[in-house]
Structures are given as structure tokens and as C-alpha cells.
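Pasting in a structure now, in C-alpha cells, and then I'll have a few things to ask.
Chain naming follows the written order as A, B, C, D and E, and within any one chain the residues start at number 1.
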Amino acid sequence: MSASVETTPETRTTGPVRRKPRRKRRPAVLITQIAVAVFVVLGWELCARAGIVDEFFFSKPSDIVSRTIDWFATGSIWEHLQITLVEAALALVIGGLLGLVIGFLLARVEFIAAVFDPYIKVLNALPRVVLAPIFLLWFGLGIWSKVAFGVTLVFFIVFFNTYQGVREVDRVVVDNARMLGAKEGQLVRHVLLPSALTWIFSSLHISVGFAIVGAVVGEYLGASKGVGYLISQAEGTFDTTGVFAGMFVLSAVVLVVDVAVNRVERYLLRWKPSQDNNFGGGQR
Amino acid sequence: KPGERSEGGQLTIGVGGQPLLVYLPTTLAQRLGYYEDEGLNVTLEDLQGGSKALQALQGGSVDVVSGYYDHAIQMAAKDRDVQSFVSMLRYPSLVIAVSPKASKPIESIADLAGANVGVTAPGSSTDFFLKYLLGKEGLPADSATVQAVGGDSSAVAAMEQGRVDAAVMLDPAFSLLQQRVGADEVQVLTDTRTAEGVQEDFGVSTYPAAVLYSTGQWLENNDDNARKLAKAIVRTLEWIDQHSAEEIAAEMPEEYAQGNRDVYVESIAKVKEAYSKDGTLEADGAEAVREVLAQFIPEVERADIDVSTTFSNDYLPSETS
Amino acid sequence: MGDDPVARAVELRGVTMAYRARDGDYTAVSDVDLAVDRGRFVSVVGPTGCGKSTVLNAVAGLLPPAAGEVLIEGQPLRGLNRKAGYMFQQDGLLPWKTVLDNVAFGLQLRGTSKSERDELARDWITRVGLAGFEDSYPHQLSGGMRKRTAVAQTWIGDPEMLLMDEPFGALDVQTRQVMENELLTLWTGTEKTVLFVTHDLDEAISLSDEVVLLSAGPASRIVGTYPVDLPRPRNLLDIRTSPEFTEIYRAIWSDLRDEVMKTYERIG
Amino acid sequence: MSASVETTPETRTTGPVRRKPRRKRRPAVLITQIAVAVFVVLGWELCARAGIVDEFFFSKPSDIVSRTIDWFATGSIWEHLQITLVEAALALVIGGLLGLVIGFLLARVEFIAAVFDPYIKVLNALPRVVLAPIFLLWFGLGIWSKVAFGVTLVFFIVFFNTYQGVREVDRVVVDNARMLGAKEGQLVRHVLLPSALTWIFSSLHISVGFAIVGAVVGEYLGASKGVGYLISQAEGTFDTTGVFAGMFVLSAVVLVVDVAVNRVERYLLRWKPSQDNNFGGGQR
Amino acid sequence: MGDDPVARAVELRGVTMAYRARDGDYTAVSDVDLAVDRGRFVSVVGPTGCGKSTVLNAVAGLLPPAAGEVLIEGQPLRGLNRKAGYMFQQDGLLPWKTVLDNVAFGLQLRGTSKSERDELARDWITRVGLAGFEDSYPHQLSGGMRKRTAVAQTWIGDPEMLLMDEPFGALDVQTRQVMENELLTLWTGTEKTVLFVTHDLDEAISLSDEVVLLSAGPASRIVGTYPVDLPRPRNLLDIRTSPEFTEIYRAIWSDLRDEVMKTYERIG
């Protein structure tokens, strides 16, 4: 008998087991992440040096990093970065809110949804790049045309998910709330919104990236400042290092923004049964 | 793969913006059937800008680029062997125009200091042209705010609405602007569609702009194909010289005139003079290009470029030279 | 049946309830007539799947009848029944609210101040034996604890009409008695009307003024109503031994058995 | 008493009530849809004729329609349309499948998810337009560079939603299936996939549009065929009518594709409680 | 306790089950020792929220214990308990499968051919009284019908070990008896071990060989095990009137009452 006891590993007999693996895993994750990064960067660097990867298209990680450091050292990047971030943030907020509100509206009012269904689908399929002149016409050359650009990307993503999220709400929970006296507004506030939050955050994770893309592409098509402008300029002079450094800076920013989104998500979805998993902070 | 021999005359030419008039001979040659006459089977790929076309060349997706000569110099600075082998446009055909709604009176290049000036894209030829002219006036390159506005409707819109005070423009956008707001309303600061303009701005008689270029390796492997291409283009240039703008427009794809036929014809007429007559690229013009670029691209300035390696007139049909 | 000048609290007139299905409609309840006077405690029993919840949904105004009509206080019901508190058979708690907030939810909707509603909610949580779990979320509760939270959520609003769908089914015998007593305390001396669905005949008889038996589905109808004329206040433990109780129990039991057997016979 | 009976509308006393409003609503929806379309188109047309809207930027509906008819009459549009559709379809299928598979993988294997979380976020934020030269380098000028373009859009949308959808699966249902003996593969097939379907379809509705956008933008940046090429040529020659006609044709296509997606969705989600509502056919 | 050379079907040794909560861990069950021989029918009763489902989850291998260990057939349990069929307290049906497919699901997973498993499933559906609802989806069923579908789903697989968490709670008395009889038929003469959670003491006593009473939570423990030495086969109706039955009932009842009262007293 005691033999079988011995085969039970130590971890099983002390402390709440569910918590253990997580604690143990964190450093492993970080190590693997770093390993992946090192592997990719080093491989790239070596390939570039060996001429396997064409520097005309890919630059070298070392060059990219030194250019980035340069930008921050001279401070020249700040004004560009700031503009791009403001544009992306505005696009995220405006597009997100619009998507949220219209998603709710259409999910709740069947008739409007039925009527506007084809129109929204069509608008979603319009190539935004082609519309750049119209954005310039309507919103000028300043930040607003780029914001509009980002909004057209973010809106649809948030809209479709919000719409579906609201419609997925448990019927019994809604009925219960209504029987307890919830008016439509209260229903939205206390039932539909919290219930659709997982959906909304899933769309926000996609949107953070798209908002930045929108801002950059907008700048790329016409601007006098911003990271997109920097990239476009570098591309015009075949300065691949500049192009990649620009994208590198954007990536870093996205990670920072995403950490913030995760924080908010984790807070708002704290009522969820924890699932030991990662994407979208709500589940951590 | 880049620079391989194009078997059976199968060629892809990347065009840095097919509808742009500066690249018109590339398309016209196909319409006139001159490539076929030479036994070439040419596919034209529209690549929205010369730098994209150059990248496509470097990546091996196209064999030849119909783009700006500037890029050959820039590549030389990067130790990339790129050679122009036939010139299509001998004047850059850039116009600096003042918006009718400019925020301040602009009478000369010097007045551009402190203004918001549109260029097609940062780091493009239009950008350098502006900076070069500012430099000639003794102003620092960044004395004007450079605003990217693209080359088509957006540029027209920006000018028309006064979102920029002035802009470096190309045809047909410039002609269109003139037509929309009235030719008198648009003040022209300099116009390099004419020999005088080029002389005045650059001090040379020709300033190579649109050319066909490719990698040295491709040229080496495709000696005959390059000759045939050059010949087709030269024939086209001659055809252009002998025909009116109306006739040229009629040969171009129908869609190109669909926007506004009059403007299209008119802009062809304006730019017609700028087309090269025989495809040759003059050495002094080439040097002028290098000098301009050297002022703004440190890489070009640093590199010791021998311009004669960046172009060659050897592929041109001998009877015309 | 409409000759009584005093309107009934709840009246179903020839109510038929149907659900859509791919192959035609499924008639759950057919032609049900039921009248409940104000202040009465009526239990609904019947074989499982016969349509008890469906009837409650009709009275709550959540499902409109396919035929017939539902009258509340003599008025045809249009939309939700605002006078009723409804405790659902399934779990209707808001997963994103703690037990405290769930219980206080109805009050919050009415605009009661935070301190006031929290105080009342805490009181109710204690009454249903959940003190200490105020800050738990529903997913952290056991099945019976969720039920009790739902009970508190419904009762705290003090509705004129109580619709309860198997509220105490998931509770152990003892806790169940505590809750039954609470319910009677809440109801006694008020004008509240109670419609109570249960599978426990003991419970049905000992609590109610009247037991309604539905027949087996589909198209189930009322096979009998059994008045329970036992004196009040009742001692829930002792009452079960009284002869009247046993008699009513036996009557319902045999009718119910016949109904259940019908289902199995029909099936074969 | 009888008075109150009379106030009950006829509809309440016959037939299953829940079905009624839907039958009645369909034509009303269609009428309103048409009314909206007529209103917008007519307003646009009139504004254009009156010169309120600048035809240089917006063309006229009548011109757009006649150009479209022209394209179809001469048949010149077909080869372009076909190429664009093939590209979009490939992008949708490849991007969708990749998103699905990787979404599942990461949702099920916590460790991989934790490691690749930041990398996926960063990739999502890279401006694809800037990467066009690299796509050309890798995939050439043919349809594959456009497909790659579309894939980079579709993938992330499907991925994030699949990932979240799989993680939202009811725990009890999963546990039940596991206790009944489901292995990981069977779990995916019988539990996770069906459960995540609502999420996946929500992302597909967004993706249809983005796949088309990807193809068109890809063509716009470099091609010799396709609707994007048509639009690019039209834009280059200030032929606004051509630009809008191109987008008009795309819109029509999107609607057709979306009807197909709806059909599939409605079939696969037939087990859902019907909710009388519209977006995403599953609910109809 | 380990001196019996024949291994127990289920053995819990000093099992403590805890859940994570924001403010420290919540210990649901603490230091439980329980041994169940093969072929035994054991009921688990206890106040609501005491940890009955938690114990079943431990035996099923769904929740690893925080301390102690679970042995199945003498082997420490690692991962899922593959020998057990588990009927959950909550709804675990697959919403996207019809009743037929849900019932046949376990067989499908084992690779049984479609015709074979459908035949068996139809048989089981009839046995639980759901004939005619084969093509319904779970959301189209009443609460009791869903429970019965789950019962059929669990039983069809004929597992060596049955874990059932309040399987018949949502059924009317008659249907319940039919199901109880089915369960006994299924179990009698086999080596199946049954762990049965219920709130109905009648049910617990009349079905089992042994009743285990858990104390009130948190950190609930076993307060008593009551062997039921009534002869088998049993008549479920008559058995309730036998004096032994009443005696066991009374014993459990009073212990259970004490446990429930503890909860309320602690609360105040």
C-alpha cells in the first residue's frame, strides 16, 4: 500500500494544487519568450551578415536597434510618435464607442438591424485606402483624416463583436433582470454590457493593432508628421533600417497599450471563473 | 532569380504609376504593338510609385522598371548595380504651384519658407526638388513644412482647399487643378516641363527623369532583349513626336481619358515637349541628378558615384543615335 | 367565470401555449382555465415536462399565449407582468455580480440608495443562510446556494405576486423547511398571491390553499384542482401526519401516477 | 369584462404568437431598405447635379451605374472580378483556417499561448501596406502576394475570436464530454468547435469584408489585373466614376458572399434558440 | 485502513479540497476519509453547500485535492477517472446535439457504429420517458427532461462506477420512482459502485447500502456513516414504512438538523 503512496508526487499532497502549475510556469514562459526572440533576432542578424537575407529588404537587427536608440537619443522620434499615438488612441476610442453603441442599438432593435444589415456589410468591404482622397477632402490633412481611417477599421471589428455578444446573452438572465424591473437602459447597463464584455474585449485586442495600422497607413498616404510619415520617408529613400525601426517602435507601443487593455479587462472580468490561460488579461 | 535571362522575350516591366503621363511611352509602346514587333511579350505591372517598382526589381518580380533615373543613382550609392538604358523623359516635368487659397502671399520660391508645401511623398523626387530649390535660394531644406499629399485627387483636393499653400505637382493632376479652379488662379513658381524651366532650375539642358532601367546583371544576360526594348521605346518616342496630343490620347487605353478627356489631352500636350526624342541620356543631366540627390541623401553624398556606370546609351538603336 | 365583480389576481382563460419547432408547432399547454384570487397560495404540480414552467412564463408575461388570454387583476396582460416576482427554474443570477449585489439588484433597479439596499440585502442573505458568502460570485457557489440567492433576490423586492418554479428542489430537507417557513412568514397576513411549482407533494399540500394538477404533455391541461382546507397557521412538520393531509396526498398521488403512466404507456 | 377582451388585439388570440411578427416584418424591412437606398442614391444624384457634391470626388450614381452596366455589357470586368474574387476567397480560406487552427492550439495549450501572446499582438499591429515590398519579394507579383495581404488581415480577426470563443466554452459541458470519454481531438470536434462557432462566424462576417479589402489593396499597390487595379487606374486618371463603379461592383459581390456565409451559419447553428434578429444568418 | 488485500473501488485518504478565492483559499472539504468497496451503493447527504459535489469532482478526477489522495481500485488517481460515469448537478448536455445524439454521445466517442448506438440510445430514451423528443435540442426541453437526458447519457455507457449528483431532484414523485427503479435494475447483480448525492433522505436510505453524512461547510468533514442493512431486492414504496428505515431516517435527520442549525447559528 505504502508503495502507491510514494508514487504520488509531493505537489499533490500539499497546498491547493490548482495554483501550483501557474506559479511554476511564469518564469518558463518568460524564458521561452526570450529564447524565441533571441533565436529570431540572432538568426536574422546572422543571415543578414552572411548575405542570405537581403539587407535591401530586411536591414539588420543591430542596425535597427541602433537607429531606434538614435531616434530616442536625439529625441526626434517623440513628436512623430506622439502624433501617431494620439491618432490611434482617438481612432480606438471613437471607433470603439461607435461600434459599441451601434452594436447595441442593432442588437436590441431588430428592425433597424434587418434594415441596415446589408449596408453595414457593404461599408465594411470598401477598401479604405482607395477612399484616402475623400478622407483628405472631408477631414483635411491633419490628424483627423488618419483618425477617420483608423475608425473605419476599428468600428467594424467592435461593431460585429458587440452585436453578436449582446445577442449571446443568456436569455434567462435577461428575463430575470426584466422581471426584477430592469428598464431597457438598466438592462444594457447591468446585463447586456457585462455579458457582452468578453466579446467586446476580444474585439478590442484586435482593434488595438488595427488602430495603429490605421494611423500609420493614413500618415503613409499623406501627412507631415507621425511614424507613418517617417516610415514613408525611409521607404522613399530605400532606407530599410528606417522602415523597420519605425515598425519596431510601433510594436513596442502596441505591447504597452495591450498591457493596459489587459489590466482593464482583468478588472472588469474579475467575476469570471479563472482559466489558467493568457490572451486577453481577463483570464489570467 | 533576379537578373535571370528572360527566355522567349517574356518580360515584366514594373511601372511606377501607370496612369502617370511621365510613364506614358511604356504603355503607348504596348498599345502601338511595338514590343510585339520586336518579338517581346511584355507584361506591364502597375506599382503605385517608383520606389515600389524598384523594390520589385530588386526582389526579382519584374525584369525592368519604368521609373525615375534618381533611383539608379540611389542604388549606385548602395553599391547596387542598376543601369538606365533608355530615357523617356528629358525634363522632370515637375511644377511648383501655389494654392489659390494659400495662407500667405507666395510670389517666389523664397516665399515658400514657413509655408506648408505638398509633395507626393516624403523622400520622393518631388520632395528633393522642393528642397533643392529652397537650397538654391539659400534657405535651409526644412524651412518649408513638407506635407505628403500623394499625386492624384488628394493633391488636387489639398491645393484646391488650401490645405497646403503650395505643392510640387505632376500632370495630369496639375492640369486638372488648373482646369478646376481656372488657370489664372494657380500661380506657377517654376515649371520644369519646358527646356527653359529645366535650364533655370538645374542649369542643364536635359535632366533625365523617367527611364527604363534594370540591374546590371539582367542587362548582361539580356543584351538582346534590352536592345529590343530600347528600340520599341525609341520608336514610340518618335511616334509621339510626330503625332498630336489628340492622336496620342486616342491610342491610350480608353479608361485613361474617361475622367476628363479634355484635361487628359491638354496635359499630354503640355508634357509632350518633355519626352525625349531619341532615348539618349546626357551625362551632364545625369550628373545634375546626382548633385541634387547628394544634397539630401547623405548616402549619395558619401558614395563616390561614377554616374557613367548608372546609364548606358549602348542599347539604343544605332541608326537614331 | 367572469361574474365576480372582484377581479382575480391571476386568471387564465383558455390559454394555449405553443413552441415553434421545425416540424410544426409543439403545443405544451392547451386550453387552460385557471383563476387565482388575491392572497391565495396555489401550487402547481404535474409530471415532468408537462408545462408548469410554461404556465408560469405565461403569467409572468414572458411568453405570450398562442390562444386565450392572461388577465392580471382583471386586466389583459400586455408585455411583462410588473406586479410579479418570478424565481426561475434555471439559474438567472447575474454572473458578474456578487451575491450581495445580486440580492440587492432589484432594489438597485428601483433606485434605492446603496447603503439602504445593502443593509436589506445582508439581512436577506442571512435569512437564507448565506452569510459569509456576500462577496462570492455565483460561479463560486454550490447549486443549492445559487438557488437560495435567487430566492433572496426575488423576495427582497416584496412583489404583490410571487411566481416560484421549484425554488427549494436543490436544498436539503432541513434547509428546505427553514425556507418554507420563511416563505409562509413572508406571505402570511399579506395580500400576496403565490403560484408555486414543485415536485414535492408534501411541500405542495402543506404550503398551499389549493393544488392544481396538470396532465402529462403534450397539450397538457388541468386534470384537477384540490383545495387544501387545513387551518392556518400551520406547523409544517405536524401537518403531514393529519388525516386530511394524507387524503389529499393520496388523491393527488393517484391522479399524478395515472398521468405519468400515460406518458410511459404512450411511449410503449 | 368583455370590454377588456375587446382590447386584446386579434393577433394575440390565434396561432403561435411568437411567429407572427416575423412574418409581418419581412416586407416592411425590404421596403425600408429600399427606401433608404433610394433616399441616399437620389439625394446623392440630386446633390451632384446641383453641384452641392463635387463630382470630381464623388461622381454621380447614374454615371456609376451606367459605367457598371458598360463593364458588364462589354464583359471587360469579368477577368478583373474573377481574379479579385479568387484572391479574396483564398485569403478568406487560408486566413480563416490558419486563424482557426492556431486559435484552437493556443486556446488549448496554455504554455504556447503565454509564449506567443506578445508576438501575435505585435504582428497584428504591423502596417501591412508598408510590408508590401516584402510580400512582393516573397510571393511575387501574381495573386499570391494579394492573398498574403488578405491573409494578414483575416488571420488576426479569426484568430482572436476563435481563441476567445474556445475559452468561453461552458466548463461543465467540457467536463461532461471528458467524463464521457472524449479525447482532445474529439473534444475539439464535438464540443469546442460547435461551441466556438458563434464566435467564429462573427469573425467571418468581419473577415469577408477584410478579405476583399486585402485583395483590392494588394492589387492597388501593384498588379496588372483585378478590380483593385481597375480602381487604381481610374484614380490615377481622375476617373472618379471608375473608382466608384469598382467599389460598387465589390459591394454587390460582398453581399452575395455574405448571403452564402449566412446560409452556412444558419445551418450550423440551427441548434440555437431562435432569436428574431438578423445580422449573421444564424439567428434568423 | 489499508489492511484489506482487496482494493477498494474508491478510497479517499485525508482529502482536503480547496478553492482559490481573492481573500485566501476557501476550504470546502477537509480531511475526508472514505472507503467504498466495489459493488456498493453509497449515498452522500449533507446540508446544502457542504461540499458533496466537490467530493464527487474529486472522485471523478476533475478537481485535484489540495491535500490527501484519491485512490481508485487501489491506484492513486492521476487525471480523469476513466472508470466513472458522472452525472453532473448542473446541465452538461451539449446544446448543439439533439437528445438522441446527446444520449448516444458516449458511444460515438468510443466509435460504436451509428446504427448500433442510435438503437441503444432510442431504447434508453424510451426508458427515461423521453420517446418522441429524440430530435429536440436541449433548449427545447423542460428542466426535468434535460435531467433525464443526462441520466440516459450517463447510464448508456455502462460505466464501472457511477457518480450521480442529485439526478432525480427535478422530477415529479412518480417519474422519480420509475427512475429509481431503473437505477436499481441497472445496478443489481453488477459490480458497479455507485456514489449518489441527494437531498431526499427517503431516496438515500431506500436505495443505498450506506449513507454518508457530511457536516456543514466550510471545511466540512464526515460526521457519520449510516449502514442500511435492509434486505434486497427492495420495494421502494413499502420499504419506507419498515421500522429499520424509520430509525435510520430519524438518526440521519437529527444529525443533519444539527448540522444545518450550526450554519444558521454561526450566522447569527
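Throughout what follows, a contact is a pair of C-beta atoms (placed from the backbone, for glycine too) under 8 Å apart; a residue touches a chain by one contact, two chains touch by 3 or more.
What you see is a predicted model, and the numbers here were worked out from it, not measured in a lab.
Looking at chain B and chain D, the chains that touch each of them are A.
Of all chain pairs in this entry, the one linked by the most C-beta contacts is A-D.
Inter-chain centre distance (chain B to chain E, centres taken as mean C-alpha positions): 83 Å. Centre to centre, using the average C-alpha position, chain A and chain D are separated by 20 Å. The geometric centre of chain C is 27 Å away from that of chain E, both derived from CA atoms. One simple way to say how far apart two chains are is to compare their mean CA positions; for chain C and chain D this gives 46 Å. Shown for chain E are the residues that touch two or more other chains, namely 19, 90.
Taken residue by residue, chain B touches two or more other chains at 55, 58-59, 152-153, 157, whereas all remaining positions touch fewer. Along chain A, residues 54, 57, 133, 137, 235, 273 each make contact with two or more other chains. If you check the complex, the residues on chain A that touch chain B are 54, 56-57, 132-133, 136-137, 140-141, 221-224, 229, 232-239.
If you check the complex, the residues on chain C that touch chain A are 60, 62, 80, 82, 84-86, 88, 90-98, 105-106, 108-110, 137, 139, 150, 153-154, 157.
Chain C contributes residues 19, 21-22, 26, 45-53, 89-90, 126, 129, 131-132, 136, 140-145, 148, 166, 169-176, 178, 199-201, 253, 256-257, 259-261, 263-264, 266-268 to its touches with chain E in the complex.
Across the complex, chain C is touched by residues 172-173, 175-183, 186, 190-191, 194-195, 197, 269, 271-273 of chain A. Remark: chain D residues 25, 28-29, 32-33, 36, 57-58, 106-107, 110-111, 113-122, 124-130, 133-134, 137, 156-157, 160-161, 163-164, 167-168, 171, 198-199, 201-203, 205-206, 208-210, 212-213, 216-217, 220, 228, 231, 235, 243, 246-247, 250-251, 253-255, 258, 273, 275-280, 283 touch chain A in the complex.
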